[in-house]
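Order as written gives the chain letters A, B and C; numbering starts at 1 within each chain.
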């Protein structure tokens, strides 16, 4: 049984159909990539998975449980964590405290939360910066903090929303290493929404492509890269990140 | 850290022995008012500062805290200490109900202010209609001194009671701030979406702090009723006092612990000071509030963190670090 | 039965007349919240200031409040504009909570300024038409002249501001800023000026509402809260961002209040309306015609 099963998921905003009858699944331990041109509905899709929008129709089943339409904090407690594309840390709290918030929902005491938070910081590699205020961090550090905070919630499935946006290629490399490590050591399943092909090709065992709300292709990275439907959807554009 | 502890301990000791040396009524009364406003401001600060929800509904809890005590004492001779307890429970229930409805419907920010304001207004109107609660004239406590009746002829006992309450609420605020609830609330205040994504139950946390704030406010109202022997809808169940509490908390520093205390001290001192000036009392009160309104606006524009967040304060603080 | 139906008639007529005043008050309130994006808690004080100014001018110069408008309107416009430039402009980029607290402080400021000069008592203004009414004996309905004039004046005000917003260059700019201020700025609109004018207009409309109603109402500086609450109620009934909604919302409030007076008595009428507002907030926060709030 797949860890996550999305069936016939549809979301309409007024007259606009953002996501139309999408089906996909994620197996335990996979790293699935979700790509597509701008406006394809990627963010809407996983906002539905993570509980921010209730779908108009369709279901989301996680670990056999129907989680469709549940509020975000319950979905987090059930084991799905997400990061935000534009990182939104708690500005007035320091790095450690940001991660502590993630641990609060299961920790039985502040001490335990602090321990778990410190562990998450260490995995991601920003434990040396634990006293810094989140508002004062650089972009790559903020992204790392997003990641750490999501990890601190002890997820089984982690959804990353364009984690490489705004990073230069060196930073992207180091980020890729972290993700691969985390996924192996913590047996995490990851769904990653990305534009940066470098990330997708390196990380993902499988890719799903969305265009105009519909799923147009699914398969291994090499196959997707040669898929004419996919190339047409992107109009042959190349995404260059410096 | 150590020096600050000494300073705080010193202030506490001073506060404790003050009535022994300064027996003038006027002095004790001013101190009582300062402690009372600080207590109310801190209680409000729990939901307004920590919770980030500007409530203008605290008049309701003030009313419950005062009226339940008055009704039980006047009609059934029940000691105000028990009345206080009952008032606190009723306030908790009301806050829970209000919070449940508003937080469930995602009533945010301005809507929350307006709904709490409207509810206070409705309650005031309703109370004015009920003869049992004294209608517009209000209720006056029959004089019957003694600890059992929570009435004292000297100010001294009142002084120690409100001082105790103030210290209690300071400790409660401090404890909450450093607890998981405190972190959750700060997360909610900063960014609700991120907080929810991190597993924080928005409704439960907001409601919890709201109920706590209501309970403390209700207890404070009981104290004030016993101090002034009087309650009426116009002065108790209204949002004007609430607005001045917001003022105190904001000028001092919303969300901090020292902030509301400083703000309240400032507010009471200047109000009382102007009372000594040769100006007609209504005009004096108006001037005080004009000054405070200007200070509040200045604070919001140039110094949004309040006195506690200001550079001067931080410098003084650092000197002793 | 006849009595009942004429009572309802009376309710409806009075409701519509007073509703028009509420619509205008709410309109001014929506101008600041829609264009400047600031929820101005002190808007009620703009109305009250207009009323007191009218009282002073009319008593000193022995003229009619509508004549005094020649002075009250420009003075209040200036007050609104100055308030924006001095107090609102600096916090335009601050978090909403700070903006709100500022308007709260502004309300306290204006209220106590008025308290200082006028004291806390209720003041009114008696004109030759204050107690005069047209009585339709056949249907047992009486229309008070002051309320009728207030209805006409505020209705004209509503027409005037709608015309301004849709058919004048300034109005188009204001609407553009309300929609997308960056785009408006790119097209050459001076957004800061628009903000100042918006506040001035809000105060002006508030003054008009006040001047129109002072002949049949009494006012005290402490009324600021209840008036701004009425503006809120109208906005919630009608829906933010909709002109027709604001007008309908005001009429709805007028009707609700007067029906409330019939059912629960004058003192509870406000409570009745407030309850209506709470129900709307819970059940239909976008109001009758507003855009859905996501």
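We take it that a residue touches a chain if its C-beta (ideal position, glycine included) is under 8 Å from a C-beta of that chain, and two chains touch if they have at least 3 such contacts.
Note that this is a predicted model, so its numbers are computed, not measured.
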{"item": "Chain-level touch network, classified as line, ring, star, complete or other", "value": "line"}
{"item": "Chain ID, smallest distance between chain and overall C-alpha centroids", "value": "B"}
{"item": "By number of C-beta contact pairs, the top two chains", "value": "B-C"}
{"item": "For chain A paired with chain C, centre-to-centre distance based on mean C-alpha positions, whole Å", "value": "48"}
{"item": "Averaged-CA centre spacing for the pair chain B and chain A, given as whole angstrom", "value": "43"}
{"item": "Between chain B and chain C, centroid-to-centroid distance (C-alpha), Å", "value": "32"}
{"item": "Residues on chain C engaged by chain B in the complex (per definition of touch)", "value": "39, 87, 90-91, 94, 96-102, 104-106, 108-109, 111-113, 115-116, 119-120, 225-226, 229, 232, 236, 267-268, 270-271, 274-275, 277-278, 281-282, 285"}
{"item": "Touch list for chain B against partner chain C, complex", "value": "52, 54, 101, 105, 107, 109-111, 113-115, 117-119, 121-122, 125-126, 128-129, 239-240, 243, 246-247, 250, 282-283, 285-287, 289-290, 292-294, 296-297, 300-302, 304"}
{"item": "Residue numbers on chain B that touch chain A, as the complex places them", "value": "178-180, 183-184, 186-187, 190-191, 193-202"}
{"item": "Parts of chain A lying in touch with chain B, wherever the complex brings them together", "value": "50-52, 71-73, 76-77, 81-82, 84, 88-93, 97, 100-102, 104-107, 109-110, 113, 149-150, 152-153"}
